[in-house]
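Take a look at the structures listed below.
The two complexes that follow have chain A in common; it is paired with chain B in the first and with chain C in the second.
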Partner chain A sequence: MELLKKPMRARELIAMIFMLIGIKGGDTTPSLFADEAQNALWIAPIVSFVVILPPFITLMYLLKKYQTRNLAELLHHLLGTKLGTIIGIFLFVGAFISMAADMRNIVEEINYLYFPNSPTIIIYLIFIVICLFVANKGLESIGSLAWAVLPVIVLTIISVMFVDFQATVWQRIFPILGGGASIVIRDGFSLSSVFLEFFLLTIAYQAFHDTKQFRIGMYTGSILSVLLIVLFYMIYTMVFDYNTVDNIAYLYQESTEIVPLGHFFTNISTFFMVGWLLSNFLRFTIFLYIICWLYGALFQIKRFEGLLMPISFLAMILSMIPPNFITNEMIVRKTSFHWISPIYLCFPFLLLAASLWRERRKL
Partner chain B sequence: MKKIIVILFLIFLPALLGGCFDQKELEEQAFVVSIGVDKTDTRGVFRFSFQIANPEVGSSATGTSTKEPAQAVISVLGSDFLTATNAANATVAKEITLNQARVVIISEKLARSKEFIHLMQSAPSTVDLKLNAQLVVSKENAETFIRNNKPRLESRPHKYYQYMLDRAKETGIIPDAPLVRFFQITEGDADLFIAPYATTIRDDETEIGEEDHYKAGEIPVKGESQTQFMGSAVFREGQMISTLTGEENRFCLMFDSTLAQKDILISFNDPLMKEYQVAGRLDINNVKVKVDYKKEKQTTINVFVDFNINIHAIPSTVDYIQSLEKQRILKNSIEKQIKNRGERFINKTQEKFKAEPFYWSLHIRHKFLDIKQYEKADWMNKIYPNAQVRLHFNLEGLEFGKMLRETDIEEVRD
Partner chain C sequence: MFPWQKQKTAAVQKRKERKISRNLKSNVAYIEEQFSYGINFDFVSQEIVSPASRYHLFFYSTTIDTQQLSDHIISPLLEAKKDIPISRILTVPSLASIESMNGAEKGLTAGSVIIFKEGSPEAFEANIQDFKHRSIEKADNERTVKGPKDSLTESLTTNISMIRKKMPSKDLIAESIEVGVRPADPVTLVYVRDLVNNDVLENIKKRIQSITVDNIRNVEVLEQFLEERPRSLFPTMLYTERPDNAANYVSEGFIAIMMDNSSSCLIAPITIWGFFHSPEDIYLRWAFGNFSRLIRAVAYLITLFVSATYVAITNYHVQLVPIDLLLAVASSRERVPLPITYEVLLMELAFELIREAGVRIPSPLGPTIGIVGALILGQAAVEANIVSPIVVILVALSGLSSFTAANYSINHTLRISRFIFILAASLMGALSLLGAIIIWLAYAVSLNSFGVPYFSPATPHTKSSDDTYFRKLLKNIKWRPVFLKPKDVDKK
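Right, the complex of A and B next:
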């Protein structure tokens, strides 16, 4: 959809990236990294970020070069309609699976920790209905909403860090390389699609006031998010030790649970649920909106808001297939990341090659 | 259009009821404040005792005081915390919640058995049970401990445990032992874990000695409250192996840089009049542990402890306050005495336990690049028992409280 007025600026984008990626510091992603890297789980995201940086910068360069395009149009323009659509479908499927798996994790987390007696499906339905409701309002509403709730979330993050900090022992980050240098680097590579949302967000290249705002927002937002993730993972390592950190699934909640604030406030973990829940609603709203946009742009569907409902419910039904959370996290999510990562790491270079080839032909 | 909106609104309204799946009324819950676990003759089955607090007792609404007792103790058999909670619900009308449980009491018999670690494995997956609850080892059966434990001055049981543990921790005679620390240290497999040691049964045959050389049960207290928290139980690889006295426990707190350093009350021999003691409050300013790791040779561990002492009582009335010379003697004597006691304890850990309860494995970690090398070097079995430990105590400040000089007793007697 072409947006006529473009009131969104860099700050909305920063807020959105923060919700979409920075929040991965508080979900089940750290346990994915901790599985083998153990106490080096905070190095692995740095490796991942370094790994995705070259393809990401390439993509940003291409978008800048072909000014009027977004991700889908760029694919079509450079690779032709057929090949472009095929690559686009790959990207979409990867993002779709990743969203479905993440959504299941979050719902299981809410269910297990806060509402143990409720049926999962009810929580899932309510979750999706809220996401759909917000997503239907369009990108501008989402962006300003993200910016509006950001203070609440930042406050939550700061207080969680403050609380967790009392239980940290800094020597626990040693031995610095954890499970071993090769494992950390391998995990960093294979799980680099943890950051696949960076690539997806380029679909909104034209939606901002001007493209310069988009670039500023994108770079600032991504650096802030990665910093947040790394800081959180470091805290998890320092709170739990290397042998315990890979046993715990919900590190964010457990870490706040073990710290009492004096005599009176002994169970404070629920205070941090509000910000966490808000940010997760927004995260999936943004995610849902963006992959629908990608799908719509690939197949020239102008009013892609109509896709929100079918895609979200399809994601819900598919994500309910794994029998339990552990299978979902350790098998579905991990394997899908292993398959998705190479696609996302390679396609910008494919585009670059196509672009270079085009230029040469012109000459 | 308006009608459609109203209808849609009404359809989605029940969605708000989704939150009611997990509604829990305060009245419908029975809050457990302490859980006791005992060994039974059958493997894998434990006796769980739940101490349930009556929230009405001691609340500010004094007008409607009830005749119900402040607490109830129920004990049931079960294989883990969750099934036991369900079993206990057979006799209690309200839903039993472990949310507020502050203490988990384990009998010494269970702690010394191999089954203990299997029981503990079920703790982290019990959502209700918070991992910051304290682990306490009782000399007798945990059930007996809970039933005997009748505090006189604090009728609300949840407050009682909190105050009791906090007080004892402040004086340094018991360690801080939340459940999460048990897992960190046991799974880390390099150090010893220590938990508070307590009893309600008094051992009558103990002699009178210095006030911190006791273990729980040995303190010759007279009074109605039988409960004693003193010293600690030592766990090696998830199994209790020994106990420490209050004094030994103080050294654990002193040498462990991960525990909050609180002021510790401590007494020494008076260097100028040997038959008297000097008592004071010891503040630890700084603890540094330097491990000089050598792969093939003996490792040296240097421990630097900087502390202040605030002298409270000089029963011998030697005038330390005004004589700098005498202060110097006192300072040297205190440093020497602490060092001697510390070295005796270190020897005990190296020879008897063959591992240390000070969490010192943290200080060697940065010498290794990855976990494989670190685990291969084997701090617990290879490095520490053979290491040479050097203690360096440095008394930085000596204070004498609010008195300007001691009363001259000779003059009074005149």
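Right, the complex of A and C next:
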């Protein structure tokens, strides 16, 4: 028996977006931006966000206009089953590769920083199994869980910022444009698919109490997440300065490692691992669930929970192919972003064109 | 249906349909046979001959009030000069006419007196039952310093009377439905008519009626039959012995389930916050109540995580510990041969043993527990280098904290979960510990109790009194818990 139908509201969505995207402030994404933009690494995500905003708003507008259940239905509705499915597969593959590469990064990070003697595959397996268990509980439980864990995460973020602020030198933010305006803008453009999760989340358009709650949650969550990312990247710049910042892989952990808290707690970075790890479990749980949902919706698989296991293990096996972390981050992830970004930037406009064409034909 | 079952049900059906005959002798013979008169020492079959007519009384001498029997039944019957109906002779307050033998049998087993009259096809049931039960005592398991002290007792009528005294309203309903067959036991649902959600009420009724078991004697057993997930670590009904607590819940739109022979009642549906709150939180002033909640929240966290965190940190994340503390820990367990995980598990197990023994031990032997626990398991184990002192401190801390649990049901959840976390922490340090925590939490969040999500009103959010971690000022509480979908939401 269920007393409340579709009980999830904006707050659960905000928590989920925070876990899914805001947490990119603490993974290896900043080093990806810093590679070229140098100490303008905090401007690049703003550029990316501005770049994805028009296609994203277009997509939200179309979803509202056609009142379809979700992204996959919108694709099918506007582009026809065949073309819609093909575009959907592109989106899925892009998201899948991005998830696999991200997951490998996180696991390598855990391995390298906290369990240097353990084999990667064991940590990977534990990580995947935990995500699978949680993902199996369904979207409502994941949303509630994200909201329930949020206080821990927020506390961690605030304390990290507090700790890091002690080591910042604000002059290090100059030169503001880092490697140069053109480089920053190009970087922001080509890496704009770091925010591809925004597009994916529209698969849950009708899963919330009503679509208004979804829109509120989506906009608030994305603005908060981008703010968090920008703030974090700014702190990294101010802590490390331009020559170091593009040579450090794990900026989040490094930044907490160099700051002692009083005379007693001299090594506090593991404290901040708690919130970081919890949020990463949730991040990949949500990511996994959403891409399985997309796949299920594309091919009319009703009980797509059965896909969680095969898709996650496939992602694990594929992501183990790059020989090491550096290759994975700097070649696989970066190249894949360069390829994925145009797909995600263009498909909403393709949908808009289809919608306009349909309307014209009707008249 | 199998043939032998058919025969059995047919026989039961036939017996149920038997009418009371006009012939007193045949009625008496039937009842005496059914109730094994002569073998049952307390079953009384008494004939009364008055100037006007002949009567026959049946009753269990152990379940009725003998004073009332002689004053209000036997003497009026003996003094009756004319042949007038029984209902006009007897002076008992509760008298009912019955026409079938089945009704007579039910009345007898419920502790009434059954009166047959010569030549009359109806009998009378005089309800003067006096079942013996404990008097109302202080609440033992859910103590409060401030607030009412009485607790429920093993008599349903007494319990209901306590609730009615707290909520004098015509809308307070105590509805009785039957469960089981050998014999059928009444289950009483207490709710407020114009608040309760009908879906929830019907759901509970349906579940009670669909229980197929020979008997259920008390709510403790009923609870396990009603729960959606009987194997789950988390209770989905609140078990309370305080009538004031029950009345508070009922007046919010919850349903209390009561049975005779239980000195407690069940509250359904319930959220996880209900297990975390004590009735005293409301009786205490705002700041004091919230302070006590804060302490309790810290205690829950300590109980669940302190041992597991120690295992994880000392085994896998030594770099986290400040160097002075690390040296202190290392030197304290310099001569301890056991690995840390075993050491912690050993002490946790020892503590559980003390606790279990403390519950079962006869009270004259009680002080022994203290000596055994404190001296042998604590001091001697440390001196013998079996465990390090720091582990004794941690286990004592987590054990002590687990006693702050406001409800006994959640106490078990905390204790068992603690072992899960210790084992998880020993597997892969913080990674597996946090993984176990998040799976545990995901499970808890996914639960629901009679359709109400387990973590509401926090998530999914609904309007409510916002009584989760902390409570508001009482005058600022505007809404009843909307996650129950009560008929009336506004509290003012």
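By our rule, the second predicted complex is superposed on the first by the 359 of 363 C-alpha atoms of A that agree within 3 Å, B and C clash if a C-alpha of one lies under 4 Å from a C-alpha of the other, contacts with A are read in each partner's own complex, and residues count from 1 in each chain.
As a working rule, a contact is a pair of C-beta atoms (placed from the backbone, for glycine too) under 8 Å apart; a residue touches a chain by one contact, two chains touch by 3 or more.
All figures in this text were calculated on a predicted structure; none of them were measured in a lab.
Q: Look at A:Asn267 in the shared chain and tell me whether it touches chain B only, chain C only, both, or neither; answer first, second, both or neither.
A: Both chain B and chain C are touched by A:Asn267.
Q: Go through the superposed model and pick first if A:Asp241 touches only chain B, second if only chain C, both, or neither.
A: First partner only.
Q: Figure out whether A:Ile126 sits in contact with chain B (first) or chain C (second), or with both, or with neither.
A: both
Q: Once the structures are superposed on A, label A:Ser141 by its partner contacts, choosing first (chain B), second (chain C), both or neither.
A: After superposition on chain A, A:Ser141 lies in contact with chain C alone.
Q: Once the structures are superposed on A, label A:Gly180 by its partner contacts, choosing first (chain B), second (chain C), both or neither.
A: first
Q: Figure out whether A:Phe281 sits in contact with chain B (first) or chain C (second), or with both, or with neither.
A: second
Q: For A:Ile110, decide between first (touching chain B), second (touching chain C), both and neither.
A: In the superposed model, A:Ile110 contacts chain C only, not chain B.
Q: Where does A:Met8 make contact in the superposed view: on chain B (first), on chain C (second), on both, or on neither?
A: second
Q: Identify the overlap between the chain B-contacting and the chain C-contacting residues of chain A.
A: 114-115, 118, 122-123, 126, 129, 266-267
Q: For the complex, give me every residue of chain A touching chain C.
A: Residue positions touching the partner: 1-4, 7-9, 11-12, 110, 114-115, 118, 122-123, 126-127, 129-130, 133-134, 137-138, 140-145, 147-149, 264-268, 270-271, 273-274, 277-278, 281-282.
Q: Could you list, by residue number, the parts of chain C that touch chain A in their complex?
A: Residue positions touching the partner: 197, 199-200, 203, 316-317, 319-320, 322-324, 428-432, 434-435, 437-439, 441-443, 445-446, 448, 450-453, 455-456, 458-462, 483-485.
Q: Quick one: which bits of chain B touch chain A in the complex? Just the residue numbers, please.
A: It comes out as residues 12, 15, 18-19, 21-22, 99-100, 102, 124, 127, 130-132, 162, 166, 178, 180, 183-184, 187-189, 258, 362-363, 365-366, 368-374.
Q: Per the contact definition, I'd like the list of chain A residues that touch chain B in the complex.
A: 38-40, 112-119, 122-123, 125-126, 129, 169, 171-172, 174-181, 240-244, 247-248, 254, 257-260, 263, 266-267
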